[in-house]
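In this document, chain identifiers A, B, C and D correspond to the written order of the chains, with residue numbering beginning at 1 in each.
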Amino acid sequence: MTQILKSREAILAAAILLLVGLISTRFGDFAAPANLINVFNDTSILIMLALGQMVVIVSRCIDLSVASNLALTGMVVATINMMFPAVPVPVLLLVAIGFGALLGSINGILVWKLDIPPIVVTLGTLTIFRGLIFLISNGEWINAHEMSPSFKAFPRYDVLGLSLLSWLAIATIAAFFVLVTRTPPGRAFFAVGGNPHAAVYTGINVGYTRFLAFVISGAVAGLCGYLWVARYAVAYVDIAGGFELEVVAACVIGGISIAGGIGSVGGAVLGALFLGIVKNALPVVNISPFWQLAISGAAIIIAVAFNARSERKKGRIILKQAERLA
Amino acid sequence: MSDQALDRDQRAPDRNIPDRLTSPFQRIFKSWETLLLAVAIAIFIINSFSSPYFLDPWNLSDATFNFTEKAMIAFAMALLIISGEIDLSVASIIALTSTAMGYLAQFGFGVPELVAAGLLVGMLCGAFNGFLVTGLGLPSIVVTIGTMSLFRGISYIVLGDQAFRGYPAGFSFFGQGYVWWVFTFEIVLFAVLAVLYGILLHKTDFGRAVYAIGNNPVGAQFSGVRVGRVKFILFMLTGLMAGIAAICLTSRLGSTRPSIAFGWELEIVTMVVLGGVNILGGSGTIPGVVIAAFVMGMVTFGFGLINVPGIVMSIFIGLLLISVIALPRLWLNYRTRRKAV
Amino acid sequence: ENKRIALVVKALGIGFFEAAAKGAEEAAKELGDVDIIYTGPTDTTAEGQIEVINSLIAQKVDAIAVSANDTDALVPTLKKAMDRGIKVISWDSGVAEEGRQLHLNPSSNPLIGNMIIKLAADNLPDGGKVAVLSATTTSTNQNTWIEEMNKVMGNYPGIEVVSTVYGDDKADKSYTEAQGLMKAHPDLKAIIAPTSVGIVAAAQAVSDAGKAGEINVTGLGLPSEMAGHIASGASKSFAIWNPIDLGYSATMLAYSLIDGAEATPGAEIPMGRMGTLTLDDNSEGAMADPFVYDASNIEAFKDIF
Amino acid sequence: MLADTQDARARATDAPTQAAAQPLLSLRGVSKIFPGVKALSDVALDLYPGQVTALVGENGAGKSTIVKILTGIYQPDGGTISMDGRPVHFGDAHAASAAGVTAIHQETVLFDDLPVGENIFIGHEPRTRFGLIDTKAMRIQARALLHKVGADIDPRVRLRDLGIANKHMVAIARALSIEARVVIMDEPTAALSHKEIAELYELVERLKADGKAILFISHKFDEIFRIADRYTVFRDGELVSDGLIGDVSEDELVRMMVGRTVGQIFPKKQVPIGDEILTVAGYSHPTEFEDIGFKLRQGEILGFYGLVGAGRSEFMQSLFGITKPSKGAIRIAGEIRVIRSPAEAIESGIVYVPEDRGKQGAVIGLPIFQNVTLPSLHRTSRRGFLKLAEEFKLTREYTSRLDLRAASLDQDIGNLSGGNQQKVVIAKWLATEPRVIILDEPTKGIDIGSKAAVHEFMTELAAKGLAVIMVSSELPEIMGMSDRVIVMRDGRIAGEFEREDITAEGLVRAAAGLGAGAGA
């Protein structure tokens, strides 16, 4: 069974290599290390968000509010930076993570204590968070010149040839790997999503576990909120609009079952990379901008169909047994 | 021995089980629709006080455009969600359908042909979703995230940075015409569709199958319901309604761009859920969706009249969505807690 | 009773339009009997603008001055507004002729088209590849300017426009598109972004790629938002007209129409301190010439708009 | 019967004084109310170290409810639980297992997509020094536990890939992974075959010897008398009686359970066998079954026997159009039919009462009457438009014949007890006026009273000329009810027995593959 899981990730990895190869035929330098580093850097935020979304989906929930959370936290952090440029970046990082987690915990509480379906909760907070940005910013943009240099420099800071943004993504991947495979709450996500009823019987608090998933997803979204705003050096109501569906799509391409209980860190990362490469490469290889949307849509459908094929439940094998015994 | 147990023992084997325990009045009184209707009436009253322009028939008539097209899709979407599926590609189907009509209009086709094309393309898109979901067994939420990009993407391929204009003269009737007095074609169509969908869901075999599938697809299949076929039809219906909405919207705008109806899918889902349809499938009603459509339309219009930006309205809709679902549950929790003490 | 003039913008929150709103308020103060309703959707969609306009019609405002997200889609709604006696003008980004009484161009379109390519060419004595980063595919004004630019390309031999991409007036998408341009064309010399959102994002992308000074980002932008990029060298120069003046003029024109001015071809309509607008055959007129900003003058303007 | 109960209560209160040892765990005055149902009212229960207490009662008597209270899944609405004489409170499943109470629940409550090892340890995983999960230790301990219960399963295998019996063994291993003093088993043998049942009995003996207090719930009287030391009887959520198993007879126990004497459990009547109605030839499926063929006549009850997992349900489901056979043909009343969906099966007059009532049989969430009319809506509606009055009429007609107990016909079927759900499912099929009815484990998990009712009903159906196929893993039932028996093993027919040839030994030998049975 690990074989199947592994092979699913292997297929995806192969698809990514194929994609890179294909792009290289049209655009030679694409596979150059320097460019791949760039691609990874560009995909970092998607990877992190996909990881946060993964624990939520694995718990049989969905968080449609991540992009709004990201934008709201980004605006909050940018506003702090604009008004108090002296506040150091590490503090802002903590603020971003904490504020994101707070927003996530609102989702979590509603799901946990009131038992409202997660898709409804996050559909609601999706618009509410977005609206709050408008209220706190009065609709105005915060532009590059209103941000402090250190604020903008942080994600770009180069360490050993990789930007800090990329390093943060790598650290997030590692942290999620440990969380998901080696800690009781991490395993509880899978239990709760795989069979919530049974989880109750094993002493796992289903509501609390889901709450935790939303908090984690929110914290990651908050962190990404700062990174996004610093990277693009702008904060306004509409940033990352519609990004939530892209994050969900990355998870699904990565083989995370929307029905809960199945998924892996590797899958989420590869799914995000796949989508990131498709989105990043299309402008590069000079495909008409008007073709991009259709191509990424087709890519999602094909990837999902592929995943489903390898997941398709085979009938029970009763006859084989007979043959072996005969 | 408790009364209950005594009761049970004394009941004769051939005792009669009543059809229902509650009267129709009780059922209506306790229903979601009633709660929502109260909200709608409250909003109506608040609106009429907050702006002097609200209670004007022509203004109200104009305001219906805020929801009619979305609501048409919401009817079909309600059935789809009750059956346990979802279609996030509806707004993109509008774009593709509108593009197809615009394309044909370039060649001088008349109004009937354009309408036919609109219905057909919408239905085909729905059928494609239906095939992916029922034929290949893929989860609909994911599939339709994919087709959402694909359908609109095709629109972009066809149109690029261009727009289709030049629709024939009569075409503007669907989105701009009046049937009688202040009643626009759209609001009349909305009403007719509401009745049709109400009958389809609540009064026919097909509607019953939709509920059965939503509650337990396997059980429904084992009871002889053709689950795949019903779901396929629902996807086609949703596509068809998107096609109809596309005709109205295109006619109202008088032109087609690939970005048409962008972001509508979540608004439509919100409308359906606000209408009391269980997002997990199995329950919900058309009257609920109709009231929800009016609520959303009135909120948008009422806030618009006092020049509140749209985004603030959406906060309100978001809060409404969560609180309308949360309040009954809070109330229930409160009551059971009090009982237990 | 005060006259109510609605200034409908493409989307709320964009610096350019906030500045225009300031101009509108200035005009209102000057006129004395005018209330400005500054409004618009939150994202740049035609459907959002239609909802806003519908509620303005319901409020029976006296005039609507709109910068449109779509040339055609607003026409039926604006026609209805005119039917109900509301004066309608478009400004900045226009509406098709039948949907408004007049259109105020910030400047003449051929002039702007020429200006944006000239800004690029002036810094490329030896010629080279340039790319265009536009707003949405449906933006009327951007499309017109790019069209006008293409008409005069013959005057700039050696300059080659290799690609046109769309950032949808979103900072992140524009940034990614600019990155794509740099990757796809390693020998790119300039990016022309005739949009205030795109030009900032492109300049940021160029700085981040370490190509400031190598690739010149130019086009139309706001001094306040571009000051940093002029300083870093990512942008050598850019142009813009004064958005405050634009908002002011739009308000004045709307007021004139309310007052009974006829928007017929050839008419001259007063617009306060900005003089008069002379309408052409399409009932359009241009406000003023664009003004070029570079290191020499940006300091003086960056705190104004 | 009133006196009976009071008498029992009196005995329950002085039960501790009767016993030699102090009870390890005892419940007093425990009640549990669900919306509309009083599942338990004021019951008492004592568990003694080193002894097996059997808890018996009809379906819905409240047995599983008490298990859930003891494991912290439900909170009682009144009453006390004490261990070693001290009151305890189990706020959730974790608290109960920490206190040393562990249970094998009636439903397998495990995780299909997690590996076996994690299924055993989730919630109390072994940790490394850093507080992280020690996966290696977990695997080793899991293997040891599985060995202890006699199951040879690799802890790394995903649970989904196991058969039902092995899943149950995993559940048992999980229960044992907790250092427990009280072990509760809620119908643990329902899904197990002979061999595994024997192993389970051994395990129970070992646990007894270790001094654990065991609560054993079962509907099978032979095993109760075999392994229990004490008994407790519940009826309708109330304590009826308890005592030492040696002091009661089977008949007394049944009488206490049902409140009356149960007539014949296997009321098989010989009815005239009519024309051949169903002929199956060469039915095969790539992985599930092969070359199944038989004939079925009107009025006949054809038993399908086999060990759990022999592929009977799979075959029946393909007859019903759920899965497609790769080969084979069906004739109904001489006419060849191709059945590709349940809808077509129903049209042809074949209906199927599935084994998994909750998932496949009932549409939980829909009211009773809608469940009944779902497959026969064409009978109650006109041109696709529903006629509610007709629906209620049809429902009443068929449910009253089955003595359904419900508050109203528009009650959600999910609120009914299992036995009553089964009645609705059967009513649903009868309303379609079928020619062949397939009953897959029709009495699994059904109490002895309802069981007799279902059997009586089967006989009635046959008498009316329906052809009945009954799949069952219970030997007495198969032998008591069938006119003819087909035994399946590993997806093939392993023997066919006419009524006069049926012997217990022959059936078991055929099912286990120990040489051909007499009739084959």
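Points worth noting:
Convention: a contact is a pair of C-beta atoms (placed from the backbone, for glycine too) under 8 Å apart; a residue touches a chain by one contact, two chains touch by 3 or more.
By chain, UniProt protein names: A = ABC transporter permease; B = Autoinducer 2 import system permease protein LsrD; D = Sugar ABC transporter ATP-binding protein.
None of the values given here were measured: they were computed from a predicted structure.
When chain centres are defined as mean Cα coordinates, D lies farthest from subunit A (ABC transporter permease).
If you average the CA atoms of subunit A (ABC transporter permease) and of subunit B, the two centres end up 29 Å from each other. Centre-to-centre, using mean CA coordinates, subunit B is 42 Å away from subunit D. The mean-CA centres of subunit C and subunit D are about 74 angstrom from one another, to the nearest whole unit.
Multi-chain contact residues, meaning those touching two or more other chains, do not occur anywhere in subunit D. Multi-chain contact residues of subunit C (touching two or more other chains) are listed as 12, 42-43, 137, 166. The set of subunit B residues that touch two or more partner chains comprises 156, 159-161, 258, 263, 309, 311. Here, these are the chain pairs in contact: A-B, A-C, A-D, B-C, B-D.
Note for the complex: subunit D touches subunit B at residues 1-2, 5, 38, 41, 77, 236-238, 259, 320, 322, 341-343, 345-346, 352, 354, 359-366, 369-371, 374-375, 377-378, 381, 384-386, 392, 396, 399-400, 403-411, 428.
By the touch rule above, subunit B contacts subunit A (ABC transporter permease) in their complex via residues 88, 132, 136-139, 141-143, 145-154, 156-157, 159-161, 258, 263, 266, 269-270, 273, 278-280, 309, 311-312, 314-315, 317-319, 321-322, 325-326, 329-330.
Residues 71-73, 92-97, 105, 109-115, 118, 122-125, 131-133, 135, 156-158, 160-161, 163, 174, 285-290, 309-311, 314, 323, 489-492, 513 of subunit D touch subunit A (ABC transporter permease) in their complex.
Remark: subunit B residues 51, 53-54, 56, 59, 62-63, 65-66, 156, 159-161, 163, 165, 172, 175-176, 249, 252-255, 257-263, 300-301, 304-305, 307, 309-311 touch subunit C in the complex.
On subunit B, the positions that touch subunit D within their shared complex are 1-2, 4-5, 8-9, 11, 13-14, 16-21, 199, 203-209, 211-212, 214-216, 218-226, 282-283, 340.
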